[in-house]
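Both of the next two complexes hold chain A, though its partner changes from chain B to chain C.
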Partner chain A sequence: MLKYIGKRVLYMIFVFFIMSLVMFFLYNLIPGDPARAELEPLKKTMRPEAYQMRYEQLRKQMGLDDPIIVKYGKWIGGVLQGDFGMSTRHKKPVVDLIKAPMGNTIFINIFATILALGISIPLGIKCAVKRNSVMDNVVQVLTIVGYSLPIFIITLVSIFLFAVTLRWFPVSGMNTPNFHGTGIVFFLDRMHYLALPLIVMTIGSLGGMTRYVRAAMIEALRMDYIRTARAKGLKEKVVIYSHAWRNALLPVITLIIGWFISIFSGSLVIEQMFNLNGMGKFYMDALMNQDYNVALAVQMFYMVVALIGNLIIDLSYGFVDPRVRVNH
Partner chain B sequence: MDNKNTPKKKKSFLQLLFIKAFGTGKKKLSILEEEQMQGPVRTIIKNFTSNRLSMTGLIVFLLIFAVVIIGPFFVKLDLSYTETSQQNVNPGLDLMKVPSSLEGKVAEISVGPTYTIAVSDSGQLYMWGKTKITSTLNLKYVPSNMGKIKRISAGFDHILALNEEGKVFAWGNDRQKQCAVPDKVKELTNIVDVIAGYQCSVILTADGHTYFFGNEANNDYKNTHNYQGQIVKVVTTADAVLGLTKDGQAVYLGKQSNGYTKMPENMGTVVDVAATASTMAAVNSDGKVFVWGNLSERGEGKVPEITSKIVALEAGRYHYTGITEDGKAIAWGFDNYNQASVPASVKNSKVVKLFTGAYQNYAVTDSGKILTWGLKGYLLGSDDLGRDILNRLINGGRMSMTIGAIAVIISTIIGVIIGGVSGFFGGKVDIILQRIVEIVSGLPFLPFAMILSALLGNALSSNQRIYLMMIILGLLQWPSLSRLVRAQVFSEREKEFVTAAKAVGVKQMSIVFKHILPNVISVIIVTATLDFATCMLTEATLSYLGFGVPAPQPTWGNMLYGCNNSIVIQNYWWRWVFTSIVLGICVICINLTGDGLRDAIDPKSQER
Partner chain C sequence: MALLELRDLHTFFTTKKGIIKAVNGVSYEVEAGKTLGVVGESGSGKSVSAMSIIKLLDGNGYINSGEVIFDGKDLADVSIKDMTKIRGNDISVIFQEPMTSLNPVFTVERQVSEPFIIHQRMSKKAAAKKVVEMLRQVNIPNPEAVAKQYPHQLSGGMRQRVMIAMALACKPKLLIADEPTTALDVTIQAQILKLMNALKKENGTSILFITHDLGVINEMADDVAVMYCGQVVEMAPSRVIFGKENNYSHPYTEGLMYSIPRLDTPTGVRLEAIPGAVPHPLDLPKGCKFAPRCKYATDKCRNEEPALVEVEKGHPIRCFYPEKGVRANGK
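Then we have the complex of A and B:
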């Protein structure tokens, strides 16, 4: 087991370096001269010769004339020490900037995940048990609709219904502008603003998850031991929740873990549409404003999260199911 | 034998497709009978067609597909087309719905961009079309106590009316003071005509004087022009004013010298003038028409050759119409909504009066009937640049589906090759390929697609960006398929037929792709179908965020770009509702089809 984990981690590190190299190359394809941009405000106050000298000096200092592999080495060295460079837009270290949106994203996504799981698991079990009933068929159609609709259409419709027509919730933002409450009042105000994004996120993930739980449960209910349990005369409740659900849980747990990992990345579309200051919007803003140090840092973060997520999912298979011990 | 079989097979397939979908097929066979009689493919088709939900999905999808593939041949898309006067028009086909009570007593009709106003013989006002200008401003709120109306004129977003007593009324958009009638005009008692233009109003008196109010920065008009006291008719373009003097001369009433001032020489005695948005026209006593100004390729200057004399001119936004001395209507100019194609019913009747404006034409015949031609309206409304949403929906659908299809083809090819090779050879090849799969599937999809599009897209042209979208989607989509194919190939390669093929000495590559692959084709088809839906969704999401296919090329995703604010969501709902519905239905149908296919192929899910 340990050997397998060690091997996987090694692979992971290898993949990480390959990917970071690819990303760095991609970002370096963008034309631009940071040294000139840095000196631009000083250009008018300096004599041309002095300006040229400062420019050359700065280029050397910034290492702009180095071959790309050297540049990559410098950059990845910084990254490994937690230095992602400066944001050209905010003139602050990227690490400082990223804290607030990440906090918000985690806050929002924890709620969304709990809501989605709380609804989809009971619903999925119910549908699997009463397979081909009217309710199951209705839920099947609804879940297909749910995962077929792009999230921005769900958002548009819900903004139209709940924010614009019924006026229950605000259209966008995270707090009332110039809000000065603290503690519980602040929390309530925040939740009032976050209610609609949370509803949308939950609806958006409900379809796929319910189908997944239902499929896992149907698979489990088909097993011979269920027939045995029924033949023994066990109560239907015990059969479903104790025998079947425990076995159906195996694939579902991996889904849940995967889900928890995605809470760090945030939703690009929802955060953009509701103007929530989360990771997704942070990333989009950086891309739009060509603040490539920030975009690169967020991209690296996404990648690390995805890699670790994959590892945890693979390991959790063996962890929750003794039959699938991974010891290649 | 073969000849006999083929048509029968075909008939039975059609039956299955159309009859069984609605539940009127033959009796269901027992499993034994079924399997005895049918090959696996026919069993799959039968299973699939007996699933009503997925059949409905397939049929609806095929309908949408047919519309967006065939539609663009009929509904042409002009990428550079924008039209300020047709922005955000509500859905509906009522722009030319003349009230029946007006029939036979038309005194004057004046056409605005999206509405038409008319006055009857008895001075009664009629209005139809889309009169709403903003959420608070609506042209249908006419001033009260106007009395009997004599003249009427529809401007860009305001209306001028002149009553019997010579009093001027103005209502509508007043941001440029085009509705604020100046005191010196109010004092006049001899007003004979009112002309509403683009954000401006012109008043004409009986003694040939003109008065102007409204946006002077946009409209070139000189208050003290040399022809005060001689003018008998005034027309306006979108930015200039043209007059006709009583001695038959067309005169420019502005201070600048521009395209409008370069009038043709030797026009003779001008009897009528007219002006489109950017050109001016005059007809002389010989019936010869002259057009000048900022002529465009829209064809305002292409006056048709006719034998009879033109006696009166009218102009729309980009087209002209005229009446000949024997009561025939002719039209030329921009013909995108058939506004310059006179219909047969008008050609065959004698036209007494002709009213043209914007994209509509109204011809009053000698029997008092009102015949119309031109733009009826937009079935699904128009967008913020005045483009027809239905048109963009059809053309955008083709683009969305093309991108989805090509992306799926790319991803299927890559997935099948990598999955097949990796599954068949195993060992080191497998390890290396699996690392590549891991790298690609480890990439967060949306952010990575965005970054590629943002980084590479800047340097590319619009068309190249469309190809880029296809390639990005294809290159990021394949890992799931390759994993499935690999797992299937793993189990297939141990079977006897592979051993047999190896023993015979078939080349390894041809074992993979000719012997094993046909056995896993069902998985590939199902995954490709579901991937097609995913690709369309991703393309839509990317374009919606502004990182996909750039405007003006429409796709279902970028048609929704810019709809994310409460004003558009509420007031211009047609800009997102129809596109969302079509995109949603299309993806739902593809997913239904894919699910049905999977159920039909997978015997386990049949639960026999």
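Then we have the complex of A and C:
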């Protein structure tokens, strides 16, 4: 087992470097001149020769004239020490800038994930057990509608319904402007603002997951060992939630863990529409403003999350399914 | 008194195309400490009649009428909830497919210990000890190690032994064996049958043995019930059915007998098979259900349904012409 993990980690490191190289080169292909952008405000106040000199100087200082491989070396050296460079837009280290949106995204996503799993798993199981009942049919229709609707439609409709018409929740933002509370008061205010995005995110992910759980569960309930479990005299609850669910979990586990990993990556659409300061919006803003150090850092972060996530998914397979455990 | 008695049992399945009468008026008895062999082709209702006893039917199946008297009590009226106290405790089942009948994600120990924990309220630890004991009883080598293994690490024969250990855990009065050796190699089959016979003698368990293999019945059963299209067509002690001086039989039983290859058949003689196939349960023939495939069938057979009539004591047959000599010489 340890040997397997060690092998996988080595492989991950290899992929990390290849990917970082590719991404760095790609970002360098994008036209743009950070030195000129930096000096742009000073242009009118300086004489052309002085400006040109200052510009050359800055290019050198920023390392813009170095061969690309040297630039990569400098950058990756910094990255490995946790230094992703400066944001050209905010004039602050990328690492300091990324903290707030990442915190927000994780906070929102943990709630959304727990809500969605907490609803869709029991609902999927119930539907599978009571297959073709009225409840199952209703849920089937609702989930296919939820699954088919794009998230921005759900967002617009719920903003109109709950924020504009009913006025239950604020339209956008994360806190009341100029709010000065701490502790539980602050938390409640934040939850009031986040309620609508959370509802939308939950609804958006409910459909697919419920259908997936239902299908896996129906498959498991059909197996011979379920009959054996009943023949033993086990109560129906034990048969369903222990014997069947443990087997239905095998195909579902990828999705569940995938969800938990995705709590780090924000939703572009939802964060834009509700004006939430999360990872998705942060990344989008960086790209729009040609803030490539920030964009590159976010991409690198997503890549590491994906690499670690895949390892966790593979390990979790062995955890739930003894047949794929590597030590046998 | 018989341990189990089915009286005129009707088990139906509702489908979109209509009601399937899988078991249509079946009566048979299993004596205490004896083995009843139920034979028949696929779709004859032999498994469904047995599963009706503990109500282990698919979602759309139900007992329409009839009685299932087990130990003096009618199980047909018992709710599913109360049935869980009987399943695995008084009545256990061994299924046909050892490959898929064990749960792949639980260890042998966990699966075999469940009957102990639910029916005898044992602690997990005490149950685990009993598991090893049970595994040893069914001749599994190195039971301590096997208990910690998962089903995919065991061979088919071993898995069936585990199934038997699980079924016999609470020393049931009745063991329903639903084609327990069909999916196994012949050598393993012989071992499993021997094991079942030994355990039956040891514990005094009655066995309801379902199979389509008359050879296996001959080896296992004290009594035999032959089923066709959801009905019993012949019933007799197995020494009568397999006996040389048996004067009466149902043509279907006769056909089954002839279709077994024998060592003493002269060379060049073709193996006789029953022509045709079991009719679809939604499209049963008028008259005797076996008439379309029967070489002795007359117009009477095709129009009237014969009743189950005792031709000699303890030997009922559902046929107008049960006497072998008579029907062979023409009507």
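In the analysis below, the second predicted complex is superposed on the first by the 297 of 328 C-alpha atoms of A that agree within 3 Å, B and C clash if a C-alpha of one lies under 4 Å from a C-alpha of the other, contacts with A are read in each partner's own complex, and residues count from 1 in each chain.
Quick note on the criterion: a residue touches a chain if its C-beta (ideal position, glycine included) is under 8 Å from a C-beta of that chain, and two chains touch if they have at least 3 such contacts.
Everything numeric in this text was worked out from a predicted model, so none of it was measured.
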Request  = Evaluate whether chain B and chain C can sit on chain A together after superposition, giving fit or clash.
outcome  = fit
Inquiry  = Contacts for A:Arg227 in the overlay, against chain B (first) and chain C (second): which applies, first, second, both or neither?
reply    = second
Inquiry  = Rounding to a multiple of 10°, what is the angle at chain A's Cα centre between the Cα centres of chain B and chain C in the superposition?
reply    = 100
Query = Looking at the overlay, does A:Arg246 come into contact with chain B only (first), chain C only (second), both, or neither?
reply = second
Ask   = In this superposed model, does chain C or chain B come into contact with more residues of chain A?
value = B
Query = Of the two partner chains, chain B (first) and chain C (second), which one does A:Tyr302 touch, if any: first, second, both, or neither?
reply = first
Partner chain in contact with A:Glu49 - chain B first, chain C second, else both or neither = neither
Key: chain C versus chain B - closest C-alpha approach in the superposed model, Å   = 9
Key: Residues on chain C engaged by chain A in the complex (per definition of touch)   = 54, 56, 80, 84-89, 92-93, 95, 97, 100-107, 114-115, 118-119, 150, 152-153, 163, 166-167
Ask   = What part of chain B is in contact with chain A in the complex they form?
value = 53, 435, 438-439, 441-444, 446-448, 450-452, 454-456, 458, 533, 537, 540-541, 544-545, 547, 560, 563-564, 566, 569-570, 573, 576, 580, 583-584, 587-588, 590-592, 595
Message = Give the list of chain A residues in touch with chain C in this complex.
response = 223-225, 227-236, 243, 246-247, 250, 320-323, 328
Message = Help me check something: in the complex, which residues belonging to chain A touch chain B?
response = 11, 14-15, 18-19, 23, 26-27, 29-30, 141, 144-145, 147-153, 155-157, 159-160, 163-165, 171, 265, 268-269, 272-273, 283-284, 287, 295, 298-299, 302-303, 305-307, 310
